[in-house]
């Protein structure tokens, strides 16, 4: 039991936080919690969640990917341009995935080959990918996709993909050799290298995966909004990092869970939507979300001292 | 598990702590009004919250809500101006049981489908300030179409350049390259520029909604193109930024600046002659009219193709499904002090 | 004194080639008035980059500076504007500096005493401060900055534009601080080996706190010389500056993991990144090129970063 | 002082004022009384007392985990004891403050080099207590002058303006000593100062200690190298399990007696006689070169053979080991394992072909400290135990148990973090990591560095056993007795080249050193 609690401590804290939130929301505005409202709102967060999965893994390795928003834009534009030229949507989606994967691969390649700090690499590629998306699309919106595509992808398919990806990522992380290696890399990359763990390969594929996930998010967005533009991923990177860190993943690597990240995303999402639902002042949201992040980490470091510094 | 306690406290404090500040806005609109009968829930969405142009529109809207008395007005919008965030808000308002949603549409492509969905669920949708596609709203409170704006800007520049054949290089400083409205205006501007073959558009530069950037870009443009005669600053930060650049370069009157902005933002440039004329409508009136139209639509009292709409501020012309605000005001040195918004 | 490391040379080279190419294409580029404008353009970023350099050499990061600049500009505007505060010059100047210092201290306290990783703490502050700015301005911008405030940004003292003068001063003080004072060397020591610093009894917490406070203070200085360059203080002021400043510092060769880097390199980084945009305009490529501007910027940054990978790698292995 | 009960430390701290003045007899420089410290209820120190006279070199020995480093940290002010007092030159020492310890004249040179690699020697010596002009500006000239004076006093030359990362390990060690001497130091605590030094440098260091002694500086000399203890110390204190076993004058001390005292039992002296009959060539290196590190290195190791690789620190031994293991790029030459070319194929190819490396830096390169013993033991072998990449928990558990039993790892359980283990046991885990793979060629880089005597013997017997089982072992070591004892033959490197080879019969410390030092130096001496 103790071990169990130790293992899922962060998730437990987040669940309680979520419960506290639900209680507050219930008192202030019960309509917010109705299935209809929640059902509509939850669609808004699927893309963020899909991207957060691989980025969580990257952060556990001690890395970071600030270019996911830009990769999403790039993939979305690739999808749009392909669809515009009459490509059937599944093929256009493949184009998007390829674009996203390539963007991720470049990150992975530079990070693992040139061994430059991922913060720097992805800061630079963020600029480059956004620029590329703007350039090839001339910054114009592209809309009007296949209605069949919209109803299929924007509806159940995305839920299914997310559920599958989350379960897969969680299992992979906890039950496979490579998944466990992710933690070793985050805790002591040098020792991992000395232990014949293929650090470079794992990193390469994680960044590639992040690019691909950004592309999945891009396709989902295209289906949901029926339009794409070079700026749709703007700011996504910081939202993702906020949620992941709130979800208990250590920004310095070595610690984190998929479940925690999903809970983190859910909490940020619910709080944001509720503040906007109940008080209808967007500027308050900035303060609430930023404050939540800071408070959660202050609480974590103040009360989790022993486990963290041991 | 000790972390639970502070976490809980933090959450509770955060949510509860925001309480008092919020109630002000929510009730401000309806206070003091006779509470006869049902109140209509009207949501007013700007392109971006926290921008003076929209803030003054909102003031007009609140005046209207007070005067009409049966309106529960909520003014909210994304502070970062992202269409995606606007779409989320609209979706939420539908769920909250809005009667009327009035939208200044930042991106018809993104918001169009959302608005259609809202209408499917029985919410009345009107647009104001910037229109969405025709089938996604009932009426458009029209202060100017993109075409009018685009043509107007180019014509104003042509007039200021003077002569039968206005001559010279001009450049545009826009918001972001991806900004839908500005891009639409630019399409019409380029179209109109064909009328003036000797006016040559040399560059379009983004200012990323950053006044400093708009300032620097304008300054660089003047130096890179020494013969530059005019700059269009087509966002609320690009205009003052460009004007400031011209002023500091000592080229007031030699390089002309035109754009859309509230008189308050441009007052000093108009007074010192850097900017000859600022084109804008009365924003408070726009907000006021929007709420009036919203009430009429909610009551079912106004349908497209009516001959006119009777506003508290006089009769407004209608053109199909557009309610026309009336002619834009040209702010000049002589009249700008009469306006404060 | 010490030879310039490869990164500084690389960035300097890219800068030189860029300037040369643009100058050949458009001789107006290096005219005195443009050089002067470029310097004014660089000034606020050079000021903030000095602060950021210390923070990053310590192995920390501050990504709240964009929003901090926004809030400080809003404060300056509301205090100075006759229709709001209408306060005198010194009130405004010291108010902004003090507020900047205080905000920097908050960051520092979060990092040092609450032990929140700096990237996360300042990420939170980035969001919070932007919200506070919106609340402070409540949808209206300050459009009536009084002339004595505007003078800070557009005035000239002794033939040198005020922002440039202030930036030179800040740079000179920073370089002195970095290389000639105990505090500066301790910054390098702590960033180089935090464990050893603790074991040796260096005042790690105080040094870090001071660095964050300095970052806040310098953000205040930057705002004082940059916001008055313009007539309007808007709520979005400073958006994105944090990434720009961090990019300048990193491109200038400061190791993101701390311990290494020089202010000279950082200044080259600031110059390179500030010049790119202007250079593209002077190349007169027309409006279609605008769409590729960001991509070109990204590729140039990437080139500068990748440029010294060989030397960085060799060094890393020697240290390993 | 009453025995402490775990968990009552907070209360006790409140009751017993720390560092209250205690009378120190005038002939004593340092007097430690009743020092206790517990971590999570486990006693690291229990009622430890220690006395050092002015100008005395006092040896401190004990197995890893005996409490030496805790004692040192308390003296340095980095750790606050639960109870006890320290008197320094007649005054009570304010415990728990680095500054107070420095002010009292206690300087510590740590085993793990705590150097600032990006700063130069002068800055390293003075950072934290800089000499200033006008209160704020550094007086570099004076600091430089004083640093070079210290180096002169030590009789060594170290570049002053070069960042430490460009200096050799030994030079960094000298900088650390210079730093200690530059303070008004009356008690110099040296924690394993020779662990990473070559013999020649050890001589310099020991001479330095002798000189300090004549200047009236006391030295607390902590080392696993008992020969050094016997040679330079005036008296020796032995710690075991956090308690002082005995303190004795060094004149009456022999190596064997110290061992008995430290370990608490007799250790059979190793008689490494029967050289294994060498089998086929497993590891072969042909003309290996890496720019700036080593060149033209050729040798081969046969199955069942232990080949020593000797030389000074910085001679390129570690670099050769790393290159064979695929960590660093090889610029010329070939590495063959079992006849297969694995040159520049990376770590994975090297491991797949049967090469294993026990790295010199256990804590940073060998182990992931926060992870469990089991995770560390299986870190390299996991892939083999897994089914299509999926972890098989039962198989892992079995394998982990088997390995830890075989290696006699002392740990509360396989699930505790490896960080909590003693140095010797940590080292066993590093070796165990590779045993799980049944390596054909085992490269060991300083396998017993910082390992206590008992564990050292265990590691030695493990190495010989592995060789007997048919592994080819390449042993890199600066510990000459160890090298001589274990190796079937010894290759000596000097400045990146193999300068000679010694067969078991002809190998001696003198012969080895003759090959290890620079040619010109050899010619002079």
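Residue numbering begins at 1 within each chain, and the chains themselves are lettered A, B, C and D in the order written.
Going forward, a contact is a pair of C-beta atoms (placed from the backbone, for glycine too) under 8 Å apart; a residue touches a chain by one contact, two chains touch by 3 or more.
Keep in mind that this is a model prediction, so the values were computed, not measured.
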item: Higher-contact pair (C-beta pairs counted), C-D versus B-C; value: B-C
item: Of all other chains, the one whose Cα centre sits farthest from subunit A; value: D
item: Between subunit C and subunit D, centroid-to-centroid distance (C-alpha), Å; value: 44
item: Whole-Å gap separating subunit B and subunit C, where each centre is the average of the chain's CA atoms; value: 33
item: For subunit B paired with subunit D, centre-to-centre distance based on mean C-alpha positions, whole Å; value: 71
item: Chain centre separation in whole Å, for subunit C relative to subunit A (CA means); value: 29
item: Residues within subunit B bordering two or more other chains; value: 49-50, 79, 177
item: Multi-partner residues of subunit C (each touching 2 or more other chains); value: 130-131, 134, 291, 293
item: Residue numbers of subunit A (touch at least two other chains); value: 134, 139, 190, 283-284, 286, 288, 291, 302
item: Pairwise chain contacts, counting only pairs that touch as defined; value: A-B, A-C, A-D, B-C, C-D
item: Complex contacts: residues of subunit B adjacent to subunit A; value: 1-4, 6-8, 10-12, 14-16, 18, 21-22, 25-26, 49-50, 74, 76-80, 82, 84-85, 87-89, 91-92, 95-96, 107, 109-110, 113-114, 176-178, 180, 183
item: In the complex, subunit A residues that touch subunit D; value: 175-178, 180-181, 183-184, 187-188, 190-198, 254, 310
item: In the complex, subunit A residues that touch subunit B; value: 5, 9, 12-13, 16-17, 20-21, 24-25, 28, 31, 36-37, 40-41, 44, 134, 139-141, 143, 225-227, 229-232, 234-235, 271, 273-284, 286, 288, 291-292, 295-296, 299-300, 302-304
item: Subunit D residues within the subunit C interface of the complex; value: 76-78, 97-99, 102, 110, 114-119, 123, 127-128, 130, 132, 136-138, 140, 161, 165-166, 328
item: Subunit B to subunit C touching residues, read off their complex; value: 49-52, 54-55, 58, 79, 172, 177, 201-206, 208-212, 215-217, 219-221, 223-226, 237, 240-241, 243-244, 248, 264-265, 267-269
